[in-house]
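Okay, structure first, notes after.
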Amino acid sequence: MTPLVPMIEYEAAGAEVRAVFDDIMATRKSDWINNFWKVLANDPATLKRTWESVKQVMAPGALDPLTKELIYIAVSATNGCEYCTYSHTASARAKGMSDAQFMELLAVVGMANETNRLVNGLKPPVDPQFEPR
Amino acid sequence: MTPLVPMIEYEAAGAEVRAVFDDIMATRKSDWINNFWKVLANDPATLKRTWESVKQVMAPGALDPLTKELIYIAVSATNGCEYCTYSHTASARAKGMSDAQFMELLAVVGMANETNRLVNGLKPPVDPQFEPR
Amino acid sequence: MTPLVPMIEYEAAGAEVRAVFDDIMATRKSDWINNFWKVLANDPATLKRTWESVKQVMAPGALDPLTKELIYIAVSATNGCEYCTYSHTASARAKGMSDAQFMELLAVVGMANETNRLVNGLKPPVDPQFEPR
Amino acid sequence: MTPLVPMIEYEAAGAEVRAVFDDIMATRKSDWINNFWKVLANDPATLKRTWESVKQVMAPGALDPLTKELIYIAVSATNGCEYCTYSHTASARAKGMSDAQFMELLAVVGMANETNRLVNGLKPPVDPQFEPR
Amino acid sequence: MTPLVPMIEYEAAGAEVRAVFDDIMATRKSDWINNFWKVLANDPATLKRTWESVKQVMAPGALDPLTKELIYIAVSATNGCEYCTYSHTASARAKGMSDAQFMELLAVVGMANETNRLVNGLKPPVDPQFEPR
Amino acid sequence: MTPLVPMIEYEAAGAEVRAVFDDIMATRKSDWINNFWKVLANDPATLKRTWESVKQVMAPGALDPLTKELIYIAVSATNGCEYCTYSHTASARAKGMSDAQFMELLAVVGMANETNRLVNGLKPPVDPQFEPR
């Protein structure tokens, strides 16, 4: 399928977009830009804001970067976002995710989606023990 | 709200349900059963299958139990399952999740839900670099 | 929680709304209107269109009315719509749904939600055998 | 992928389907029928009901037709419906949506999906100020 | 698209996977394995657990197997899982689903998704008549 | 229900949180902070990033602020986020949304959710006419 907006290549990009592209490559120590950023580049403000948010959120912090990629895959598989599943699975593998970890991740995602619906259909009240203190 | 089926208490449960309840408490080293299992107990086969699946999936393996709880919360918050969010947040805290880890988890969940929809609306093609070898 | 628009009671309704309310009660052989229709009545055209669609879609046809209610619950539990789950569970029970059928329904809904996400995360290609002839 | 039911072309359609197809083309001042209606035509009653509902709902009213197309895209991108995203983006462009409006629309859709999940994970109570009077 | 993990063919499979594949073919009285199981086979424990759960859940019980397939399609179409929609539509047709039943099923799925959102936006309180006794 | 993290009130907040709270009130010309920001304040970096993103995204641009609020409600009702639906309905009303506009908005949201699922179940191919040039 054709993307719904053109993909802006580095060569054709204006200064504002190039600055973001440069920062993406520098941060990731890579020499290419993936298609997600090329379509976002149609709106430089959204490109810049989204990249800065992703960079901040995915940086090492209280959770390590691999765990964050696993969470990203969990959400993307729950929502059925194909591009996101491919791109974040690739990122997670680059950060060391093993085949066994990937399969276990999906097993948890599957169970959570199953029990979420058993709960939605049966409506047990939240146990007082689960209320935050 | 009233649950859509009665909650089966241990005292009123048959042998098959009691055996599952006993295994839940033994596995978790706890002395109570949360409401999710009490509503499932209306169908002992589903109760037993679901518990054995959850026990297998959430056991330590290639991913540690806390990481699995984080993934469970990520799915539950994405789906908007209130009971599941409360119960797995409590479980994650019992396994050591800090406040900073919880907030970072939700930041990742939020970003993933945002970028999933930017992708859905713009439809960038999957980069060949992301294809599994 | 307060509904986001007023609930229009029969006594306060105009002729267009009353005509729909009368048809709902006649069709269902009941003497009351549930809250869903009372909030929709703020827009008589939407009330009329929605009721006529529901009446047509839920009428006996190639599928019997109980099967249709089961499908409605399956969708509502998947989406986490609380009001819809309560109202269609009540309708299904009124049409003869047994406790065993309800529990089995939710077991199928749970499994489907689980395997949907295993598929989303692993992306098996559609087998040629599954393509419609 | 093959559609799951045959596509009914105008030439092969019965009188009931042709009447709907004619009305679609007359209403839209176009000379072709898109594939959505051709698959729906396998069930003439559903075709007719769905078209009449869409025609009523998307007509100018308290909201203008372009705003309605923007809302349709917002829902379709949130749900990840590819066909719907392509078809309603084309409709919105035909009604005058600019590239800047499309990118801003998706920025809002992305933010809403993000904050929806921050809310689902943190569960702030609804402020009394937000309750309808 | 390439699947995100290799597809494990029968010939290359270990004993544990072959045992599950044999049971799938024996239970279904078929002589081939569809791609879903081949990707799951990368994790024999998940393959075995998922197959045994599906076998138990989809067996005749309080609901007949065709009704269960209809419910599976309803969930898969709601979630937008393409593979699942193709595979369970094929299964339902093999169990006797007519074209008219398929179209009616989707009409119900569509209406349920529509009214779920009317409810989400208007928030009518659950009528006391719908509360389970 | 208790929120899953404490609500940080202005009086108890640190300088970084107070600065964001001050900017929220100044931007909105209001004198109170709603609970969403109070729970986010447990992570000042997420509070600041989310507020700045919302402020940028919801500002007047190619789309007017009321249209943006309508889109926000459309997404929130699709996802079933109760808090978000209440808060953005209140915002939209403050920006001039009429009752008729609100009802029409939800009618479009409902139709889009319905036709999204008819598409998911029937899988019509994207018409070449809908491909972007």
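Each chain gets a letter, A, B, C, D, E and F, in the order it is written, and its residues are counted from 1.
The criterion applied here is as follows: contacts are C-beta pairs under 8 Å (C-beta built on N, C-alpha and C of every residue); 3 or more make two chains touch, one makes a residue touch a chain.
Bear in mind that the values here come from a model prediction, so they are computed numbers and not experimental data.
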item	value
Each chain counted as touching chain C and chain F at once	A, B, D, E
Co-neighbours of chain C and chain A - touch as defined	B, D, E, F
Shared interface numbering between chain D and chain A [over half = same, under half = different]	different
Most remote chain, CA-based centroid, reference being chain C	A
Remotest chain, chain B as reference, centres from CA atoms	D
Chain centre separation (chain B, chain D; CA means) in Å	34
Geometric centre distance via CA averages, chain E-chain D, whole Å	27
Per-residue overlap in chain C, given as positions that touch at least 2 other chains	1-5, 46, 50, 53, 57, 76, 78-82, 85-86, 89, 100, 103-107, 109-111, 113-116, 118, 120-123, 126, 131-132
Complex interface listing, chain C residues touching chain F	1, 4-5, 42-43, 46, 50, 79-81
Chain B residues touching chain F - in the complex, by the definition given at the top	80, 82, 85-86, 89, 99-100, 102-104, 106-107, 110
In the complex with chain D, residue positions of chain F that touch it	1-5, 7, 32, 34-36, 38-40, 46, 50, 53-54, 57-58, 61-63, 67-68, 70-72, 74-76, 78-79, 81-84, 86-90, 98, 100-101, 103-105, 107-116, 118-127, 129-132
Complex contact set, residues of chain E against chain F	73, 76-78, 80, 82, 85-86, 105-107, 109-111, 113-118, 120-123
Footprint of chain C on chain D - complex, ascending	1-5, 45, 49, 53, 56-57, 126, 131-132
